[in-house]
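Letters A, B and C mark the chains in the order given here, with residues in each chain numbered from 1 onward.
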């Protein structure tokens, strides 16, 4: 049995004296689909930022496939096989959809800082990029500037950029935020398709999406995981209902 | 000893003058996120406006009216220029203010000519205020010092005690929050830009007679002011203040002590070459402190940015 | 696949370069007038410099206020090498001299880029400004290398002849420069097509996301910076060959500002932008610069207006007309454009005329006769003032009036159903 895909060991983070993440323990198995839920301000996005090296942790350790990745730079974390999306769309606005996807493939396909390859003459690179665009259903928008795509299309591209690098562990941050019902369906289907056979961690507010996608759910409240388990276990957990889920479930 | 005292006072005056520019620059940067590269051009405009007014009415009227005119002009520039460019992003804003510097400099040459203009201190201040064995300090410099200190106190009072000061202070630390509270309305931007450039204008009014009023004065002081705010840490008023004083003294002292590299080399045991003007190291042998004085700020800038990219007092996230 | 077959692709991508090469060969035989080759040589050097600058500003999003430093240093070393060659201490044919300049530019860019590319934006701009000031000040201090205020000079004709050419005439130098312009432009184009060139765009657009796809933004910037330094150095080498002298004026802040000006007016977002900018800027500088001493003022005003109203530069202005062109609605624009042309021209002539007239009466007050736009008149009479003020006012009024129509027509011509503008 291989090591856990992602493991957080007592990770803490404080901003100017205030502890936002107060001892986070999380373990995500290989090929697991793990959802993190919790009220606003619970520290979900902060946890992502700590894992991916955007923020430095105050204490604790983070492991990816058994290798420590604590406080590595974002690009080092990515190179080790972990990729993330953003809650607020974070794409390359002045480049075409195709260029967006192709750029996200470059490092994974070992081009590094090459200034002697012509990207146009790399058949495998371009075919892979085309394939991903097809998977994203963005073929008709291939040469459109990413900045002028519709919101749902940008969210799809966001996921495309995240998975393009071929990372084995994918972190998605509220992939369906601000979407209509039909758009949500499209994105959930897309996530299911493109993360096939990978480890997925997803932060999400839409409980329908969470129960649809996840094998396991962790509940994050005030910088701590108060419960982890299968969707059914979590749904029936008393503490969770009190802290968070009850209200959210009624809304749903 | 007397020379040291005179240098300390001279450096202080120069440093406070720098602070009058760097404080406005810092305020503008903190509120709007733009490093106003045309800042020193407004300083020059202050001097020229005051000169023009002093020709017609007199120095004291110019002292009041010229900064007001510069303030209005600055506000207009923000309203009709910068605000438009803002939508294109950060780099075009920088480029805009840089282009503005260029245009103002050329316009000044067009209007007042390429040579220096006889903008003089008023008769009433033409006497020696402090006499020391090593030199003297004219009354006008004391006046400059008083104005600078008055501005410094006023600025401190406004920032620490008034409502608008609170908003500005809050914007220095938490720009996003202040924006969310609905304070960063365009009017505040216009006001801050106007007042910031107005301060630069006032600096020009009082510096003009002492440092001479000529079209190159903006360029001469401009890059030094950028050094002050960057070394102090972009967005930090304390940093700008300390860096301004530091650079003021650095330049004043470097200019007045004629230490040559030759002295040091001889002290280290090297022999002074006979034909120094044909010696391969002639530049080193003839190098003097006043010669490298003007480049010391830039050396400081590069060193600070290499070792502390956010400046001495800058915050990481600014 | 969208790229089509490999053959047609290489054909269509090579064709523009062949055309450019032929054009470069023909040019000196078309423009034979006095001084035109001198101007073309100058344009060539500016093209290489502006394109290398655009590798920073346009492709990489780095605003530098000290790019002339790399050209200047490359040029200074090139002149020194020229002198060493003259005394036959080494053997180096002249056409290779730009390579020397390039390597020097590359070397200095490597040193300075190692710390300056850590941050983009304001910090990068300020470091470049500091370096620019520092090196310019060193010019006066380190006279052994920079030659003080007179600079240093050399003689290009003393190098060993290349295929019997000694580069005595301007035309011979022209072909040398043309060759290097073509090669440099081609290489810089190829650079934009490499992984690191593409990532430079990505870092410009969104540095943070670039890090999350595996690239260190600092390294990407560093590689671009070094490449830009190399080509700036090549421009310096060409400068050394063409002018045979370098002074502090070639690497001070003013020189760097000029590059920024030319590149930005041409259009930073486009590969061709800096070429357009370099040609236009040099032409205007040499043509208008001879006619008026207010040349710098006009340049500044044009520059500010470009930043405010045409942020994509002249190339961008033409490029944006591709949209109505493809929609087949280009014709809709012709009438409003034709309508605004005359008042706009009137306004420009009036404003420039007034500026010149005032300047003339102040600085050459004793000369009563003045010639402006091929019209000679008496500056002491009120007539020219009245005429020019009228021209300006009427031109301005109608320009504003018709500008609204242009705006509306533009909106109609570019409107696409279902796609927000």
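One rule holds for everything that comes next: a residue touches a chain if its C-beta (ideal position, glycine included) is under 8 Å from a C-beta of that chain, and two chains touch if they have at least 3 such contacts.
It should be emphasised that the depicted structure is a prediction, and the values quoted were computed from it without experimental measurement.
J.: Mean of the CA atoms for each chain, then the mean for all of them together: which chain is nearest?
T.: Most central by this criterion: C.
J.: Which chain's mean C-alpha position is the greatest distance from chain A's?
T.: Most distant chain from chain A: B.
J.: On a C-alpha centroid basis, what's the spacing between chain A and chain B, in Å?
T.: One centre to the other, that is 48 Å.
J.: For chain B versus chain C, what separation do you get between their C-alpha means, in angstrom?
T.: Each chain reduced to its C-alpha mean, chain B and chain C end up 31 Å apart.
J.: Taking the mean of the CA coordinates per chain, how far is chain A from chain C in Å?
T.: 44
J.: Okay, in this complex, where on chain B does chain C touch?
T.: Against chain C, chain B makes touches at 35, 81, 84-85, 88, 90-92, 94-96, 98-100, 102-103, 106-107, 109-110, 113, 223, 226-227, 230, 234, 280-283, 287, 291-292, 294-295, 298-299, 301-302, 305-306, 309.
J.: Which stretch or stretches of chain C touch chain A in the complex?
T.: So the residues of chain C touching chain A come out as 1-3, 9, 190-191, 193-199, 201-202, 204-206, 208-216, 219-220, 223, 227, 269, 419.
J.: Can you list the chain A residues touching chain C in their complex?
T.: So the residues of chain A in touch with chain C come to 52, 54, 73-75, 78-79, 83-84, 86, 90-95, 99, 102-104, 106-108, 111-120, 126-127, 130, 142, 148, 161, 164-165.
J.: Give the list of chain C residues in touch with chain B in this complex.
T.: Residues 57, 61, 63, 65, 115-116, 118-119, 121-123, 125-127, 129-131, 133-134, 137-138, 141-144, 253, 257, 260, 264, 294, 296-297, 299-301, 303-304, 307-308, 311, 355, 359, 363.
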